[in-house]
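Note that subunit A is present in both complexes that follow, paired respectively with subunit B and with subunit C.
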Partner chain A sequence: MAVQNKKLNLKDKYQYLTRDMSWEPTYQKKEDIFPHEDFEGIKITDWSQWEDPFRLTMDSYWKYQAEKEKKLYAIFDAFAQNNGHQNISDARYVNALKLFIGGISPLEHGAYQGYAKAGRQFSGAGARVACQMQSIDELRHSQTQQHAMSHYNKHFNGLHDAAHMHDRVWFLSVPKSFFDDARTAGPFEFLTAISFSFEYVLTNLVFVPFMSGAAYNGDMATVTFGFSAQSDEARHMTLGLEVIKFILEQHEDNVPIVQRWIDKWFWRGFRLLSLVSLMMDYMLPNKVMSWAEAWEVYYEQNGGALFKDLERYGIRPPKYQEVANDAKHHLSHQLWTTFYQYSYATNFHTWVPEKEEMDWMSEKYPDTFDKYYRPRYEFLAKEAAAGRRFYNNTLPQLCQVCQVPNLFTEMGAPTKLSHRQLVHEGERYHFCSEGCCDIFKHEPEKYVQAWLPVHQIYQGNCEGEDIETVVQKYYHINIGEDNFEYLGSPDHKRWMAIKGEKPADENQDAA
Partner chain B sequence: MSQLVFIVFQDNDDSRYLAEAVMEDNPHAEIQHQPALIRIQAEKRLVINRETMEEKLARDWDVQEMLVNVISIGGNVDEDDDHFILEWN
Partner chain C sequence: MSVNALYDYKFEPKDKVENFNGMQLLYVYWTDHLMFCAPLALSVQPDMTFRALIEEILKPATAAHPDSSKADFLNAEWLLNDEPFTPDADASLIDNGIDHKSMLTVTTPDLKGMAGVGY
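Let's look at the complex of A and B:
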């Protein structure tokens, strides 16, 4: 037998891994082995056309991932050993992490499960390998995020039971239902939803400007896991783009199906990321970039280039992109004023932004902040100063699809509430927007099953009828510690003590 | 309409060489420094050459080493043993 010592190049190595280690089944039918491959209507004529541009083989995968982990954990150790939490800009910042660990980290875990499942369902070996690697990456993200935040959990409230909260707390049903929707779709829709619409088009907004902001606020641990995760994302994003191009090139009948998925998942992703808009504008005491600026760079500019590239396949930009672009001037402000009113039912604190912060917002949102939002904060601050910190005791109406309270306004009419409704089989359903209403109309049998937290509370399915019981017993939010106003909270007092300052005015204590 | 490709690196020692190599090989590129990251964008196309990086580092360099320091990219990727290209059609 001739022995070849020639070093394989990248293309050859990848070819061996993804083609030559696969085989054609002989004693079972292919459609029995891969039963989910056809039902969505996607036609694949030749799996060998699948191309992963990174051409990562298992040996390089383990080598580089091990290197990333070593770097990351060295920094976690240094951060913990040096009491890194004392060097952040302000304890208000930690509230962004509370939202992150309850809202985003569990999605990483969901992605790990989703890719493991999708990877089993493709008959093409290249797609299976890519999904398997991504599945392992996503598990790593979920774990490293929990490790990073475990240090904060020792010093601040609200981070103690994220997995439990993710399954139950009202605003966390927004990310949870997003991912459950994707995971219960077929394998091609799952890839279009997560690999393309979410990873490629939208996740930069979380992991690039927000993480840069974490660094700017002294959070060494978070920025490091963020960038370490994102170094895997660069590979995932490339996969997302390749997936779309592959499906579109396989058959022209795939184009309208993919277009509808892009419309749907762009809109769902945009609604989900509204949570990131308030992390950026309100929860980073040292500001780097506004949500509107980040949206311009990472969606309008990059998304514009991307959809221009996809034009040749007959794909147009997402249907409601104009609405999303217009909303960048309002999103974070409308959402923060809502959370402010419902802080009694959140595992994080809210507050009225400080004067310098409001001036920054006036500068970043010249057409909207002073006109529509500053007066609300001035009013809320006055009420709080008079001992009447405002909480809204009526639970909000939720959108049947995205599960965000119906709080957003119409495009071009910032004082007009956006609301759609329709009757389906004798029941009336409510939506935050045309985008969500469209999604419902296409698959009503899926969305009528939505577990809407407010409905569930009122139906008595959350361990009690009064909100206090729901919050404490069902959500595991510790009343008076995790929730309510930031000023005067235990977190605030602890931070003052760390900084050697006196606690804030006791009159401003939470209700 | 302009069509920008981009690459974002962690701001660290490796990336400073990467950024130098990218700017040398892509005179049309623009470099931006933000907290903890270096972002480079360019109209239509951006190339990273192994040869340039090896000159900068004065050692052998594997294109895939870059994966450890990349935070994000935008554009179609074409990678082989000698280069990493980002491109829009």
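Let's look at the complex of A and C:
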């Protein structure tokens, strides 16, 4: 190409470094080079319509990110050198990090792989470049999150083997299966699932409350990660919206396909985020906002405006949105009592919330907490005080699609489980809800192969049928250190020693 | 509906009965007792009697609940896979029509859990 000016302006530079890196093939067929582009039924008539919201080239990307990360790692170092973990609100907070590093950080890594794969499959250069940038972002996030939290691993239990646990532990199969489902879909479904439904519609529910939660609880390492990732997240969200508009504008036949994906991935995302609801309401000793408030702001208001905007393309709000809206009053409480009863098999601790916390919940959940959930905790506290701390010694039935135990209740009937079942080719399948059952019905071939942790234990594929062996040997959860009740745990004792208080059990030394 | 794939996409179900070494899966949901957060997932012998299921498995599994010792499970209201069902206590599970991955729902009419909210 002939370059007119010695110094390129930004627009030219962007054009040369992105679009001009692409070419029309001459001796190979386009469909052989991009074999995944057509099978989902999405029709693209003109790739040049793809607009990059951020005109970023690789050279400026590296420069900008390197500067950001230099600052980030300087703060991590300062945090470690100053024993930052001693300044958090309470050691119970660290349990949120345990859930995050096993449940969310591996998804960042999954997203890195997913965008690398999807980007390879688009014949449009703009989409390829966007996927490449996001792929690298996600890899960086996975790494920086692990570095942000690694300091805690030196001082608290349960953070020592997150990647291994992500592949095996029963509740971590919820985020794992979510991402595996997205990554095994075609490239357009992947973008609709992750860029749009997750990054654009739902991700604020993870990042904003969680990062504010870290700030409120004195975790400067995680907060700093959050600020550092913010500019990337803003790019991802903008891309999510661009993606969906681009696909919808290309051909009207794309509308029903995209609508079904939005229905599916809204529901899967909502189920995944139920893990965040319990982080927010229960694991943050200093509360930021309730899950119900976060859902109202980040889904009902923002999502409401978004789907109003998408109406002109023939897109309606996700199916079962009303169920999700109704569930905001119950979700975190139902989840927490679930983890409470199964915390012999978790890498984090659970506890009965303290009185002030319950009063906060009564205020935040005026219609549900005192009626349905406070009595649960009063009973559980009484049992624990009598030396009978409740654990459910029988494994739960899991949903074939989202893999959460079938613990959710019917909309408007919070004492009745919203269980569904069906028979497909002679086999019975069970679901947590109509939403998950619908997803199965559309693609039964995909979900009949689900690796359900409870069933795998019973098949003898997890190094033994007794739970102790599974937990210790297969999950790598150290029994008596990582799991069980928080009160009296090694973490609790260590925290009391840090704070110069006596451990709860005076017969045992603080660790 | 069927999955949209690049090739003939067909896989064996992961949880066929033959993968359970002679056992079968059974789920039990005790309504209005959400102290047990989800239906219980049990690995049971297909030829065990219904009475043995109650005495040897269900009662110990639910013992932590104050209603458990009062519950007359054998004479409670049962559903098998959402259909009304009258168990034969001395017949085997399989002869009762309880096959692999079946779900039993039991309602104990006088026992509605704690605090009047099905806990």
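Just so we're on the same page, the second predicted complex is superposed on the first by the 491 of 511 C-alpha atoms of A that agree within 3 Å, B and C clash if a C-alpha of one lies under 4 Å from a C-alpha of the other, contacts with A are read in each partner's own complex, and residues count from 1 in each chain.
Definition applied: a residue touches a chain if its C-beta (ideal position, glycine included) is under 8 Å from a C-beta of that chain, and two chains touch if they have at least 3 such contacts.
The structure presented is a predicted model; accordingly, all values stated were derived computationally and were not measured.
In the superposition on chain A, A:Ala215 makes contact with subunit B only, while subunit C stays out of contact range. Of the two partners subunit B and subunit C, more subunit A residues are in touch with C. In the superposition on chain A, A:Lys154 contacts neither subunit B nor subunit C. Residue contacts after overlaying the shared chain place A:Leu241 against subunit B, while subunit C stays out of touching range. Of the two partner chains placed by the overlay, only subunit B lies in contact with A:Ser231; subunit C stays clear of it. When both complexes are overlaid on chain A, the residue A:Val448 reaches subunit C alone and has no touch with subunit B. In the superposition on chain A, contact is made by A:Asn406 with subunit C only, not with subunit B. In the superposed pair of complexes, A:Arg312 makes contact with subunit B only, with no contact to subunit C.
Overlaid on A, the two complexes show subunit B and subunit C touching no common residue of subunit A.
Residues 1-6, 9-16, 19-21, 23, 25, 27, 29, 31-32, 34-43, 61, 64, 81-82, 99-103, 113-115, 117-119 of subunit C are the ones that touch subunit A when the two sit in their complex. Touching subunit A in their complex are the following residues of subunit B: 1-6, 8, 10, 34-37, 63-65, 67-81, 88-89. Across the complex, subunit A meets subunit B through its residues 9-11, 53-56, 60, 64, 67-68, 71, 204, 207-209, 211-213, 215-216, 223, 227, 230-231, 233-235, 237-238, 241, 288-289, 301-302, 304-306, 308-309, 312. Taken together, the subunit A residues at the contact with subunit C in this complex read 35-36, 39-41, 186, 334, 337-338, 341, 371-372, 375-376, 379, 383, 388, 390, 392-398, 405-407, 409, 414-417, 419, 421, 425, 427-430, 441-446, 448-452, 454-455, 458-460, 465.
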